[in-house]
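Accompanying notes for the structure given below.
Chain lettering (A, B, C and D) follows the sequence in which the chains are written, and residue indices restart at 1 in each chain.
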Amino acid sequence: MASIFGKNLKISIFGQSHSDGIGVVIDGLPAGRKIDFESLQFFLSRRSPGRNDFSSQRSEPDEPEFLSGLIDDMTCGAPICAIIRNTDVRPEDYYEISEIPRPGHADFTARVKFGGYNDLRGGGHLSGRLTAPLCVAGGICLQLLEQAGIEIGAHIADIAGIADELFDPVKVSSEELCAVKRAEFPTISAECGEVMLEAVWSAKNDGDSLGGVIECAAIGIPAGFGDPIFDGVENRISSVVFAIPAVCGIEFGNGFVSALLRGSANNDAMYMDGGDVKALSNNHGGVLGGITSGMPLIFRVAIKPTPSIAIEQDSVRFSTPFGLSGENTKLSITGRHDPCIVPRAVPCVEAAAAIAVLDMILPGT
Amino acid sequence: MASIFGKNLKISIFGQSHSDGIGVVIDGLPAGRKIDFESLQFFLSRRSPGRNDFSSQRSEPDEPEFLSGLIDDMTCGAPICAIIRNTDVRPEDYYEISEIPRPGHADFTARVKFGGYNDLRGGGHLSGRLTAPLCVAGGICLQLLEQAGIEIGAHIADIAGIADELFDPVKVSSEELCAVKRAEFPTISAECGEVMLEAVWSAKNDGDSLGGVIECAAIGIPAGFGDPIFDGVENRISSVVFAIPAVCGIEFGNGFVSALLRGSANNDAMYMDGGDVKALSNNHGGVLGGITSGMPLIFRVAIKPTPSIAIEQDSVRFSTPFGLSGENTKLSITGRHDPCIVPRAVPCVEAAAAIAVLDMILPGT
Amino acid sequence: MASIFGKNLKISIFGQSHSDGIGVVIDGLPAGRKIDFESLQFFLSRRSPGRNDFSSQRSEPDEPEFLSGLIDDMTCGAPICAIIRNTDVRPEDYYEISEIPRPGHADFTARVKFGGYNDLRGGGHLSGRLTAPLCVAGGICLQLLEQAGIEIGAHIADIAGIADELFDPVKVSSEELCAVKRAEFPTISAECGEVMLEAVWSAKNDGDSLGGVIECAAIGIPAGFGDPIFDGVENRISSVVFAIPAVCGIEFGNGFVSALLRGSANNDAMYMDGGDVKALSNNHGGVLGGITSGMPLIFRVAIKPTPSIAIEQDSVRFSTPFGLSGENTKLSITGRHDPCIVPRAVPCVEAAAAIAVLDMILPGT
Amino acid sequence: MASIFGKNLKISIFGQSHSDGIGVVIDGLPAGRKIDFESLQFFLSRRSPGRNDFSSQRSEPDEPEFLSGLIDDMTCGAPICAIIRNTDVRPEDYYEISEIPRPGHADFTARVKFGGYNDLRGGGHLSGRLTAPLCVAGGICLQLLEQAGIEIGAHIADIAGIADELFDPVKVSSEELCAVKRAEFPTISAECGEVMLEAVWSAKNDGDSLGGVIECAAIGIPAGFGDPIFDGVENRISSVVFAIPAVCGIEFGNGFVSALLRGSANNDAMYMDGGDVKALSNNHGGVLGGITSGMPLIFRVAIKPTPSIAIEQDSVRFSTPFGLSGENTKLSITGRHDPCIVPRAVPCVEAAAAIAVLDMILPGT
């Protein structure tokens, strides 16, 4: 495992889906910064399961306890450790997967990697549950970024081909980011969100699941940040974003669409706006040569459909706890699972972006 | 700048487009491995400019000199340093850009980052020329991977909407990888390649440029490699791939397409194939939970159209060497540039994949 | 702060002397290794305060709670998080030091670094109390090393000029290491230990404190480990050892004594011992060129006298919580402090060595 | 091998004693800093062999060629690569050591580590020759530090028990540092230096060698730098200093002497000096809790006697190029070697300190 990220800011995530606790250590935050815990808790609630019927019915309050690093809600320069106790644990749901790896999950690959000694319950350390501590860290980073005039927000751009409006890559505003962050179902177009929800019900009724695309914008990052060749903006953000299970793609600015365009259409004309250099369009998504341009940072991530489905699937049944020999079998997954993880992944993408951006703009300690 | 990548294997890239030399230090290779320099030179020639008329007419032999790390063509455990002299330098082509940032390039962002002290000639350290030392490192990694039974190959999947066949994600073979690596224009379908080339000529005649998509496959990686949460296969590969200028997106397996599918269509059924666990399909692209599954590793990257175009563009002219004040102006770029960088980026993508994969499978030293 | 160490094994330490909890995350341990918690607890008790009257009377059971990373006392490949609640907290003892920095402590330097926002109670994150989680990590590493045939033990080589015998650098045995690790006062010569203890009482009665030297030996490390130039054995071990507050020097093998010798006296003759290459003497302390030689690894660390003393000292009293202006004052430190930290530092040195050695011999994950 | 150091500043050293070239890549320097090459060359000449008859008679001009990273002698933000060609190579001197490991050298340990594939000529990558690129990097860092008001200088504190005066740890001045840096034989007391030189001749005449102690001081570092727990001042400096072959110990401030003192004698009283907090004495060597105190940073390193001696020694002769079987033999080393490496190690220690300090005070890039 390599559950630590960062250069200036170090994020160390620990825990398993059904261990006594999960949590995060955040090292490298500047001292003397106020944390607003109410705001943090609201952010965490956007990711929490059990809030509504399109998410897993596992009920976890996800209220972190802070063991260190804070005095009177203020960072003190020492590492912050936050822990979350796992409470609503039903390991019996996972009894079978000690024997039958779930298609689309890491059960098989982790078994090979750890020789069968890994925690099989609910995906163990590789569970989506570990995005809770990622969001604790990201939620704190978001607050420090806001104190520096940087705001980050994300919305569901697509579920099963139902496409929301996209952010205006030039004019995306603080108000728009706030709006999607306050929305119960984070789309720009509420109508579109309703159609998406219908598709989610429909898939759920079929014992099936859906994937989607999330678009994230960060505004207020000054030009000049990012450290190419290997620590450019895209390298860093993708390093954290791929820590979110189910992410299978990322694109910046025009991304894969730019492959269809000519240079004259994809380049962004530059002009003087008073004393500032600006771009008329933002096909580059706020990053050129791995360095921020001062325009909004825009990226999109692909989320695969939840692999846990009730529909019967082909898999294998291992004959011993540790080996790889077995025989073919069928599997139907009956636990509590999100028919579509995309809505709950939205704050995770914001958290990942916040961690990567704060790490990038912090002076090294 | 942060021009060093890797955990077990460290790749340190140096040089500017028009500095005396460019090169790479490769630290952490095991001792006692034979390097085939003829094969390495062929690999490098696939990236070199001036080979044909769809690439830049800058003529660089790109023959690295090895200063250290090898005895009788064999690694000795000490870091390898390879340098390439820049020979065909025409800095007068870049005279204007000290004053006028090129849209779509990093001229402006680097000026902000380095306060105007950066090397402006040809993009300096941020030039695509720096993919030459990336390919030296990657070419050596490819050979060590081959010695371990792992092969990597890439092809042009799309240029301007003209789509090549894709690799069969289950059956892609050594022969197919070799075929695209030997082809002068690396497509699976030769006919398709010809149509792409026509589109490139057409864009060139219009003073314009094209982008595209590259697909890469790695076969022979055993199951169980990759270190989630933050050093999973996708995190690592994207960290290196985004070091290639012009890359603006990456997706693994089904990638963005999986966002359109239901879980029942996207999951890959598992079965016993003799004593081995295999998947019937490979929508997961050879990686589950950040860990290799033993199936071919498949990913695609989006390449934006070359920003350097002859067509006139809007930009600004800075009034002093270091500040950011200026006035609006027009710019037409007249140097020697690839109308489509995609063909030459193909070996760069292979190199990036090889570096990431070797770093991942090497035992830590 | 930079409270994370390691390349293959990552140790992330958090907490402050009087925060709700302190602890450690250990990432990168191989899966399937049994942890003996009774043995771990005995190891931790050697460092705990309040055990006898030459140590601080702060009474902390130092029993870690393990939140993650273990199943049935077996590592599962996921990061281990262990937390220790701070119980016997008397912050009123530290009231004055918010205003008066203690000579020899980091109160002043941390105030400058963190602008006065740091946790002042008992030294905060820079307290010796943070060696408790270091010992949790080190104690686990010691067990994994023992499973690999490597044993590490340390003893008090000197307190205030009273010198214990040293380990025989060639013949030091498992029995000798066990003996000092079981001893209540860890010296080779029990008589010498008694004289040391008298010196400690005497200093304590005078309101003063003593320092000393600790010698550590590791046996069973095969030849060939260590990664020069910058990750050689000495670089790695000193990186961890200097994490122990009060350490102010380290030497390997003959160390500073070798500066007095001629090469003919300091070099160690080599010979064939059956099929093995061995050295007749071990002035090199088991490491040549940063790489282990197969001989016992021997190093010594200097521990400065406890800075907290009852004798009145000159210091300054800051006039505001955050600035650096103030006036001269006197200070007498009345809290519960070790008159000599050396005995309790012995297991810390073993822990530091174990962490560095395990990180070095682990294959990279 | 792990030949890369640093967090904000990355130093990557390559080359072997008799490879075509050796060199260094320096990544992370701020842009726009002038390098004085005359001053750099003088610094390098202090380390160069062949300057006088107490150093190796190998004659190497050690004039680096800079391939990248500089424009008009000014850093441009891109990595600097400097290479030095090896010219005066006499590999026949090393013929025998392919078979007979030299006591006190890394011949045996490297053979084990690299399975016999390592470069045996002159110690290969583990040779003291690799301190030449270390000094190129360190010499550049020294200049950037001077631009920031920080000066570093070192002198020979002891050779074979002949002790020079030590720096006054409170009052050490720029003039004193300059004086020892200009001296041909770097001692504070010229008389003492002459006695040392006589001891060196005497050892040389006997076919033997001497070790010693080097003391280093850095003045002008503001209080508040250093990142405990694991990246404190001592951790960082020792990480680089142990990259110098032959270093076998390091101590800060009072170091091992503090082990003999009581706290009341070792603590440094604090007082207000105008608006500044100062210490009356500097037994802490300018670092408390891993963080600089604003007082001069003082440390000493032990250098073992040169292992290469003409006096006959016992060793083994391997019977095959790669295995470890062999028979006992005698060895007398006849190449060109320093009878005492200490004088040439003085600038290396300054270089190591400069690299560690600049890495510590640089904002992260």
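What we mean here is this: a residue touches a chain if its C-beta (ideal position, glycine included) is under 8 Å from a C-beta of that chain, and two chains touch if they have at least 3 such contacts.
Quick caveat, the model's predicted, so the values are computed rather than measured.
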If each hop has to land on a touching chain, what is the smallest number of hops from chain B to chain D? 1
Report the chain whose CA-based centre is farthest from the CA-based centre of chain A. D
Distance between chain centroids, defined by C-alpha means - chain A, chain B (Å): 26
Separation of chain B from chain C, taking each centre as the mean of its C-alpha atoms, in whole Å: 46
By the touch rule stated above, which residues of chain A touch at least two different other chains? 1-4, 7, 13, 110, 113, 125, 227, 365
As the complex stands, chain D meets chain B at residues 1-4, 10, 12-16, 19-23, 25, 27-28, 31-32, 65-69, 71, 74-81, 83, 110, 113-119, 124-125, 365
For the chain C and chain D complex, residues of the former touching the latter: 1-5, 7, 13, 101, 103-106, 108-110, 112-113, 123, 125-126, 130, 158-161, 203, 206, 208-213, 223-232, 234-235, 238-240, 242-243, 245, 247-256, 258-272, 275-277, 279-280, 284-285, 287-294, 302-309, 311, 313-316, 324-328
